[in-house]
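So, here come the structures, one by one.
In the two complexes that follow, chain A is the common piece, with chain B as its partner first and chain C second.
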Partner chain A sequence: MAELACAGRTIREINAEIRRLLKEGEAVTVSSPGARHNLGVALLESGVVVFDGSVGYYCAGLIDGARVRIKGSAGWGLAESMLSGEVIVEGNAGNSAGAAIRGGALVVQGDSGARTGVSMKNGLIIVTGSCGYMSGFMGQGGKMIICGDAAEAFGDSMYETICFIGGAIADLGNDAIVAESTDEDKQFLDTSLSYYLPAALRGNLPGAGDFKKVVSGRKLWNFKKSEWKTWEQAL
Partner chain B sequence: MSESSSPPRVLQKSGIFSSGVIEDIQTKAESGIYRIRGYGTLRERRWATFDDLTFLPCALTRIPLEGYREKCSTKTVLGSRFAEKPIELDIPIMITGMSWGALSYNAKVALAKGASEIGSSNTTGDGGMMAAERESSKTLIYEVLPSRYGINVRHMQMSDGIELTIGQGAKPGTGGLLLETKVSDAISKQRELPVGVDQRSPARHPDMLGPDDMIIKIEELREATGWQVPIFVKLGASRVYDDVKLAAKAGADVVVVDGMEGGTGASPAIFQDHTGIPTLAAVCEARVALEDMGLYGKVQLIIAGGIRDGVDAAKAMALGADAIYIGTAALIALNCNRPLYVDDYHKLGTEPHFCHHCHTGQCPVGVTTQDPELMKRLPIDEAAERITNLLRAMTLEIQMLARSCGKSDVHHLEPEDMAALTPEASAICKVPLAGTRRVWGS
Partner chain C sequence: MLGMLRALGCRGPDSAGVALYHSPAGGDLVLQVKLGEKGLSQDGAEAVIAKASALSQPKDVSTTGSYLRLTMEGSLDPVRLAATIESATPDVEVVSMGRCLEIVKQVGSPDRLEETFHISEYKGPHGIGHTRMSTESKVDLSHSQPFWAHGCPDLAIVHNGHITNYHKLRRQYEQQGIRFYTENDSEIIGVYVAQGLLRGLSLEEVLRSAVIDWDGSFSCLVSTADAMGFVKDSFAHKPLLFGETDEFAVVATEEIAVRAEFGGELKVREAGAREVKVWRN
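Entry: the complex of A and B
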């Protein structure tokens, strides 16, 4: 695995070198990332990149195909607008983790901040801990698995994102409802958690049958006077 | 008293509860929701506009260029601050972002073709990039909007500029609307939304809030595009002076300011009529903001919002704009509000020249619709030619005015080339009121 030290390099130089190494088929370990912003942006090759420490805003943003591991925590907008690939954080993630992703998988092995999965269009987000305020807001598709608790306004104004929550929900968002989980849902949870999480982490998590399923009530999809009680919060 | 001697009947209309207000109240009493429509503000009470300025062509103090033949450059360069490949256009008039969804496929492709033919640019809009739009555009600007519909880094890398849209003039501070009749199968697929929803876009970007975040966001966009193309920041005109300074400080190559006369495919009517500041005021504030930062001429300024012709454009450029976006004017060139298919205007309860029903998706002339039959009324090549012609005519108008003011480059127009016709315009634009040597309010 190729090694790339961040010290003495600009973000532009670091990202250019990561892309060059990926193109040559090398896996890359990036040392001393120092929580700098915009590390690993727009990686369009399918190789592996490991950040050996915490990263700042927009790490692995706009990627298509890369597999990124962060041995630390991440700032805002982690993996935002990802088309495909895999991003694993061995710590916490800041606000807007997985914002607007259209594919791929984001795994936070800790807690995530406000607006986790906001405007996600597709793909998968797994958070082993809890998520912050307004997570899932305006989710259009894909699935989000929160193993811990959800803060207020969970799943607000969603279209077709499906959320699974293992802990307590402080407050459901506008038009979010708890739906009955199916056997297929439980199978999906089992498969996803087994695939993306190491056994040591899985032991402390709820079982597939313990997750609640939260989806859109579809009352906000089109304006109807009869649904005013829902709309008065949402308009 | 006999009937014949009665005084003539005089109908008195309330100045408060006018016909329009009565209709508005009664419509809301039926629907239970705010009014939604397209087009732009319908306010009749006027504010200071470009019509309140006039050019002062040369006489003895300055020498004009030959009006019809002497060289007057229109070449426009945008994004020379940080981008390695600034945008170079043959003319200073550009097509603003209007989405595939708000507009028909044919309209989008016609705009791209028509603009490219004359060396101008086109912009994607909410919903991402169409393949045909890229193929038909010589210069294409990719909008990154709060909704992030269709966001695709590979499309960004195929573009000639990135526009980070914070807001737009018709509805600053709120997101766009696309009502169910326009969320067709194709649009649903493009935006990854259920077919037939009343789509309401978010007002805020999902992964940034204030200007400090935007500094990092702009760097991310540069990383995504290899620092090659300019980054625009587009603002709805509200607190223009401060917002322009913040955008420039955040690292924008180009700032776009969209005044309250800006159009839209659909938004709450109250936003179109009662939010934001006029384009005339916006360009003046934006210029001062850049001057105060020492960035005027280094960060380019694009002005949008109700620009109708080369005269408006020339006045905006004289006040400080480097380039001009047009939207509604381009749609009108595509036949918007033209008296064709008049029965279909009637079905919408309107008439040619009065139509603002873009939100319905039933555009009689095929511009703002997703209905395949209506769209056929807008043949792409004919429509593209009208766009080219409009852009050419507007450019010639700017050149004529510039030459008459003695300028060999349209970008040399300056406030001193104009006088104000009203005290308000004088105060806003800091140009003397005609007939005086006085700038009002100074």
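Entry: the complex of A and C
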């Protein structure tokens, strides 16, 4: 595994070097990232990148195929607009983790901040802990699994994102409803959690049957004057 | 704190400042008085000392940068003391007053703050600091943070964000006779917290009520002689994260400041919407 030290390098230099090494088929360990911003953004090569510590804002945004592991926590906008690939953060993530992703998988092995998965189009987000205010907001597709609790306004104004939540929901967002889980859903949860989470983390999680499924109530999809009250409340 | 400010200095290089706390020394009030925006004014210093002397004999008088530092009898009324000193010349402002608190701030980088005031040599249980990128109001010493809550000994704040109902709140306070020193919305925070504490609320209670009473975006740190706490707005618009151990707590806008000083081990978490947390010494 190739070693890349951050000290003394600009973010552009670090990212260019990660890309060069990935192109050569190397897996890369990036040492002392020091929670700096924009690390590993727009990696269009597949391959493994390990950040040996915390990262700042927008880490692994816009990636297409890379498998990124963060051995620390992550700031705002983690894996934003990811096209495909895998981003695993061993600590907590800041606000807007997995914003607008179009594919791939984001796994937060701690808690995630406000607006987790905002406007996600597809892909999968797993949060082992709890998620912050207005997570799932305007989600258009994909799936989000929160093993812990959700803060207020969970799943607000969603389109077709499907959320599963193992803990308590402080408050459902506008037009979010709890739906009946199917056997297929339970199987999906089982498969996803055992595939993406190490055994040590799976031990304390709720069973697949204990997750609640939250989807859009579809009341806000089309404007109807007769449902003005619903709209008034949502806006 | 200096290391953390250095790490965040690139985010806001306009000004830097710290509010530092030490154990109360005998109950006297320590004052940091700004003599003017443009460096030390000897006439200003003499005028301040003359005014202060009318109330009691100033002790430990010294000058650094644009500041005159002096110690006054602890039994003096803080509001009257500040007003008396500020009547010396129009440029004079009491930047901090308290039995434990001292604020120093100036235009420029954290490194310049260290060069002028040697803040790294200061020893105490807690402190808060700020580097500023001005978006809407002036870049000068008075608009720099931390802000002392004028008239309320030992209370200081730093704020990232925008209090959008500032004008409405300010008008209410001005009707009660409270003087404002800047056109900066962050100044309202110290006034609000001071009023709450004066009414007998705990720091936690004041910060919880702030979530209801302030509009806009805010991540805000507040410190008193024996406590430090934060509050975040209802939409989690502004960043603020924290980490804690049995021995200490650290709060920062960005993790880069934590990693610069505390290495990789300390776990941090982004504060949630409406979250309030207070630590006591």
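Methods note: the second predicted complex is superposed on the first by the 233 of 235 C-alpha atoms of A that agree within 3 Å, B and C clash if a C-alpha of one lies under 4 Å from a C-alpha of the other, contacts with A are read in each partner's own complex, and residues count from 1 in each chain.
The rule is simple: contacts are C-beta pairs under 8 Å (C-beta built on N, C-alpha and C of every residue); 3 or more make two chains touch, one makes a residue touch a chain.
Only a predicted model underlies this, so the values are computations on that prediction, with no experimental measurement involved.
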Which of chain B and chain C A:Pro206 touches, first, second, both or neither: neither
Chain A residues touched - chain C or chain B, whichever exceeds: B
Which of chain B and chain C A:Asn122 touches, first, second, both or neither: first
Touching partner for A:Tyr133 - first (chain B), second (chain C), both, neither: second
Which of chain B and chain C A:Ala35 touches, first, second, both or neither: second
First (chain B), second (chain C), both or neither touched by A:Gly65: neither
First (chain B), second (chain C), both or neither touched by A:Gly103: neither
First, second, both or neither for A:Glu160, with chain B first and chain C second: first
First (chain B), second (chain C), both or neither touched by A:Gly53: second
Chain C-contacting residues of chain A that also contact chain B: 37, 56-57, 76, 95, 115
Residue ranges of chain A in contact with chain C within the complex: 34-37, 53-54, 56-57, 72-73, 75-76, 91-95, 110-111, 113-115, 132-134, 151-152
Parts of chain C lying in touch with chain A, wherever the complex brings them together: 234-236, 239, 241, 254-256, 258-260, 264, 267-270, 272-274
Contact footprint of chain B on chain A as seen in their complex: 11-12, 15, 37-38, 41-42, 44, 56-58, 61-64, 76-77, 80-81, 83, 95-96, 99-100, 102, 115, 118-119, 121-122, 137-138, 140-141, 159-160, 221-223, 225, 228, 235
Chain B residues touching chain A - in the complex, by the definition given at the top: 31-34, 147-149, 151-154, 156-157, 180, 191-194, 196-198, 202, 206-208, 213, 216-217, 219-220, 222-225, 227
